[in-house]
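Both of the next two complexes hold chain A, though its partner changes from chain B to chain C.
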Partner chain A sequence: MARFLAGRLLMGLLAILATTVAVTLLIHLVPGDPVQIMYAQSQGTTPEQLAEMRHMLGLDRPILEQWLRFVLHLLHGDLGVTIRGQQPVAQLILQRLPNTLALAAASMAIATAIGLPVGFAAAWWRGRWADTALMTVAIAGVSVPHFWLGLILMSVFAVQLEWLPVGGTGWAGLVLPAATLGLSNAAIVARMTRSAMIEVMSQDFVRTAYAKGLLRALVLRRHVLRAGLVPVVTMMAMQFAYMMGGAIVVENIFAWNGIGRLAIEAIFQRDYPVIQGFILVFATTVITVSILLDLLYAVLDPRIRVRG
Partner chain B sequence: MFSVLKNLFLRSVVVALPIATAAVPPAVAKDIVWARYGDIDTLDPHRATSTLSLQVWSLIYDTLLATDADGKPVPNIARSWTVSEDGTEYTFKLADGVKCHDGAQLTAEDVKYTVDRAFDAKNPSVTKASWGPIESATVVDPLTITLKLKTPFVAMVPFLADSFSSILCRGNATVGGFGTSAAIGSGPWKLVSWTKGDRIVLAKNPDYRNLGKLAENKGPPYMDRLVITTVPEPQARLAGLRTGVIQVAEPPIDDVPDLQKSKSLNIVVAQNTGQNVFWEFAVHRPPFNDERARKAVAYATDAQAAIDLVYGDLSLREHCPISRGVFGNDQDFCARHGQDHDPAKAIALLKELGYGPDRPLEVTMLVWTGGNREKLAEVFQSQLAEAAIKAKIEIMDIGTMNARVRQENEKPTGIGSMDMMTWSWYDPDILFALWHTPGAYRGFTSPELDAMLDKTRVLADPAARKAAVQDVMAYLLDHAIHVPLYTPGWEWVFAVRPDVQGFHVAPFVYPIFNDVKF
Partner chain C sequence: MATGIAGSFWRRLRRNPGGVFGLLVLGLLVGTAALADWIAPYAPTRMGAGHRLTPPSLAHWFGTDEFGRDVLSRVIYGSRLTLLVGAIAVGISLVAGLAVGLTAAYCGGWTERLLMRASDVLFSFTETLIALACVAVLGPSLENAMLAVGLAGIPFYARTCYAAALVECGKPYFEALISAGAGHLRLITLHLLPNVLPTMSVVATLGLSGAVLAAAGLSFLGLGAQPPASEWGAMLSSARELINRAPWLMLFPGGAIALTVLGCNLLGDAIREAMDGRGRT
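Presenting the complex of A and B:
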């Protein structure tokens, strides 16, 4: 197990290192000179000032040196400063990361609470009218854009009923954006759960369990769920990681101060240090979730541990 | 497996609980909440130029001079000023008893600190050129300061009434975090906190005295706190206004006619904004190095029809390169020199250049995102298409557009590029910043235009200066260098809850909250 864990951690570190190379190159690959953008609104900027700023950002150094400096600074928790406003990027991301984590966790909780039972029920009543009805709702849920759903929820629960605030931070402000994201993801979880359960229900070991005379509820709980939820948990974990960056639209609608909003603002403003920081945090989250998933598989299925 | 899932669920809730409760507390019941689509760039007035930033600086900092309702400079912290005969020395007498937010007395030393900082050799203000050719700032006594100029510069007086020239208290030099977490001014509101991208919390300055700003209230603001939040989605701002969470906000432009009819919210439209939206062109390569191509675009554009369609009566057709409320603006004069909508003339000019329905003129149209400008661009695109000009629209953030326009002017080859540029200024000196060599975007310049622009900076006599400004405007319009479209164009419409009293907007889109009560 220790060897397996060490292997996964090493792979994770290499992936993060590769991400640092990518974000170092990013600044040179995308169109538009960051220094020129920084001074675009300045009157009478001299070439000396532009050169000085390039030097300050380290853009005049060889790419290898730029990468080494980036990694070195990263090890000290330094992601540079924003092009506009000169604020520390790490501080900005850390300030917003809890909000994004809270939104992702709350929406995942909603998605799980709705999606799992619905998917399971649809599998249980496979082919009957209940299955058709539940899956029709799920397809509709997947198809509805976050933007539209968010505005509808806001209109009903904030403007008409006045039960919840239209946006902002704090517990009450979390409900609507979490519900918007959670309901869409619940539909995905439900569909995934249904397919996984149906597949497992047709396996030999389930038939054997029935043949042994076990009660249907016990078979489902002990055998079907245990095997069927592995792919569902995988998908949910990846959805969680995706929500770290994919909640941009919802964060914008509800003025939720997360890193997705920070990223979109930075992309529009070509604020490269912020974009670099966001990519790094996003990649690290996805990699960390992948490692945790690998470990979870290893716990659930010893064959994976042996192969790893 | 059930226990694993149960654990996962419980842990996510346990993680989320303290995180969500640790988030920034919401505004309290009697705060004024002003929601805007975006945030400031910085709290340092020497590091940005956006309207979003300027509006906030105007609340925290005060200025030597202020503007009256017509946009003319009037005394403020500086109670009076004199100018030397040769126009190179300005002496300002400051009011006694003005206090900075850190409790220190505001003196001539603070003015000197601000000016010296703006002219810092290593890191000058981004608007250094607009301060004028200031050679030195000399403290005569604690309440008297003299600014010595290398050459006369009449635009300095209106500049000193604008928030670009916000007076920074000396405490900023030592406070730590100036511009990001600290900002010491002497304005009506004190900084409490700034959470980038989310909110700026201001508390009323109990020591504030209104010496010249456009507010009836001569003392501190009536309300205790002003919370400026960032709500990018227009419908969310509207929902916030309807539920009372937000008191003031820019509404979705498309909803304004209904709001006006229903009277559910008060609509305040800013006057004398100084905002000018215009066509400009990459003039160092074909086709727009040829005046006829630029004129063809101008003739093909029906600005009045476009703004009627998109903004209704919220915006006006602008004929001058400087907008209404700015010294020298004269609609009739400019209309005589500009190119009014005439597709036949556009087609004829394009034909001379070898373009027509079989060979349309292909160009890129750069547009700043937001404020329904995307819709407007589409209307312009279809108008241009009627004259065989095929415009590809590219929408971007204003900072990116500024850089891109400069890049397009520096590119010797490529398809033609034009942009719907937006500038706001309080004085015709804007034309100097835009079109005097080397030019704000390295675009059109010429020695004769430079000479005309130089004159506008030194003529102290209003009639003589007005004539010089008109010469410049005529040149720009006759050669279709700066093709005015409309005014105003961004952050100029405010929806205000009916229970909010006393909200108004000063010239150049500075909202005033000193009189607000609700």
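Presenting the complex of A and C:
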């Protein structure tokens, strides 16, 4: 168990370190002069000002030194300042990160609450009309783009019925974005749950349970459900990453003030320090959550602990 | 023998209603894209083809947008961009994914570990983040969005190709070829590649839906196709601004994306089931 945990932590740290390298190189991959592009939108910058900015961003140093400085500053919680407004990037991102995490968590709760029972029901009635009907809805759900679903929900519940705000902060503002992301992903969770349950149903210990004369309902509840939930939990790590990715788009539809909206604004404004900080924070969040879920997995499934 | 396998594959595919539906949708998409000049009632960028923001009517089946452009014509021409984006993005992911996956599986050792660890890490960051990072570097445009979506897909294609190639490398025929003295290039191109292509074709069909979704998403955010391009995601983006006054504007481009993606998903599922026959219930 300790070795398993140590290995996961080491991999996570290496991945974050690799991200810092990628983020340092990112600015140099920009075709043309990044400093000029960043300031293209503000008029009347003299070559002296550009040179000063280049020096301030550290772009006139060797790349290795730039990376070391980036990591060193990162260890002090410093991600630089925004190009426009000179605000500290770390502060800006940390202010907005809770909003994105709240959206991702609420969506995941909705997706699980719908997807898990639907997937289990489909597996229970496998091959019958209920299975076909549920899975038809699920594949249609997987195919609907979440930005379209978001617009439809907004049109119906915010514009026509006026039950909820079109966008904004607070709990009322969270309902529509979370429903959009949650419903889209419920279909994916349902499909994954169904195949995980069916996989478990074909295993020897399930046949043994039947052979000793247990009722189908009892076998499904006691053996299949428990064993089938383990792979579903591991898939949650991937689901969380999807939620974070989906949040970037959905935040922009509903003007939800998370890091996704910040990132898109930064891309338009060519505010590279913000983009760098966003990528790093996004990656770190995804890695951290996946390690936490791996731990949960190990707790749920004793087989992992013994092997580890 | 080969025709027998192909024949039974087609029979199984034809018996799957989802697969047939998927084929029809893709056929419709290709047909619309090819015949757009003839079937579109108006030029897609012609302003004032009708009055501004009229609801669907006989003259304009899907209504008109804020510039009086015919939405039906724009949706029809949008199929071209969708096909183009899908094909190019999937092409980039497929070729690069094959290269990385085959190299990793064949070379083994440090090359394998480095390539696959990198793929794992990138894969866990989700395609959205990678695509956004690419667009952030390259700047917003349709071409860059295609490239970004293509690059973002590489880790997934590489992992799948690697897994398939690893199975082949362990088979007795492959060891026999090595002991018979077959060269590296011969082993990879004549033996590994043809054997992983069936798996990769399923991945590419299913990947097409992901690529179409991702590219439309980028355009929706304003990071892909730019106005006045008739791109479905970009059309949805301008429809959002008019959601109070013209709610029908968002129905058709969104429906077109959903139908295309559904078609690819159903076809991909059907091909997978027809190929291994295991998924049949």
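The criterion applied here is as follows: the second predicted complex is superposed on the first by the 289 of 308 C-alpha atoms of A that agree within 3 Å, B and C clash if a C-alpha of one lies under 4 Å from a C-alpha of the other, contacts with A are read in each partner's own complex, and residues count from 1 in each chain.
Just so it is clear, a residue touches a chain if its C-beta (ideal position, glycine included) is under 8 Å from a C-beta of that chain, and two chains touch if they have at least 3 such contacts.
Only a predicted model underlies this, so the values are computations on that prediction, with no experimental measurement involved.
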Joint occupancy of chain A by chain B and chain C, clash or fit: clash
Which of chain B and chain C A:L29 touches, first, second, both or neither: second
First (chain B), second (chain C), both or neither touched by A:L151: both
Superposed model, chain A: greater residue contact from chain B or chain C: B
Which superposed partner A:G173 touches (first chain B, second chain C, both, neither): first
Which superposed partner A:L79 touches (first chain B, second chain C, both, neither): neither
Touched partner set for A:I253, first chain B, second chain C, both or neither: both
Touched partner set for A:L225, first chain B, second chain C, both or neither: first
Which superposed partner A:F268 touches (first chain B, second chain C, both, neither): both
Touching partner for A:E162 - first (chain B), second (chain C), both, neither: first
Interface residues of chain A shared between complexes with chain B and chain C: 37, 151, 154-155, 159, 252-253, 268
Interface residues, chain C side, partner chain A - complex: 18, 118, 121, 124-129, 132-133, 135-140, 209, 213, 216-217, 220-223, 233, 236, 239-240, 243-244, 247, 250, 254-255, 257-259, 261-262, 265-266, 269, 281
Residues on chain A engaged by chain C in the complex (per definition of touch): 15, 18, 22, 26, 29-31, 37, 126-127, 131, 139-140, 142-145, 147-148, 151-152, 154-155, 159-160, 237-238, 241-242, 244-246, 248-249, 252-253, 263-264, 266-268, 272, 275, 279, 282-283, 286-287, 290
Touch list for chain B against partner chain A, complex: 1-2, 4-5, 8-9, 12-13, 15-16, 19-27, 35, 38-39, 41-42, 47-50, 122, 126-130, 179-180, 195-198, 229-233, 235-236, 239-240, 242-243, 245, 369, 396-397, 399-400, 402-404, 406-407, 433, 438, 440
Sites on chain A touched by chain B in the complex: 32-33, 36-37, 39-44, 52, 84-87, 92, 95-96, 98-99, 101-102, 105-106, 108-109, 112-113, 116, 151, 154-155, 158-159, 162, 165-174, 221, 225-226, 229, 233, 252-255, 257, 261-262, 265, 268-270, 296, 300
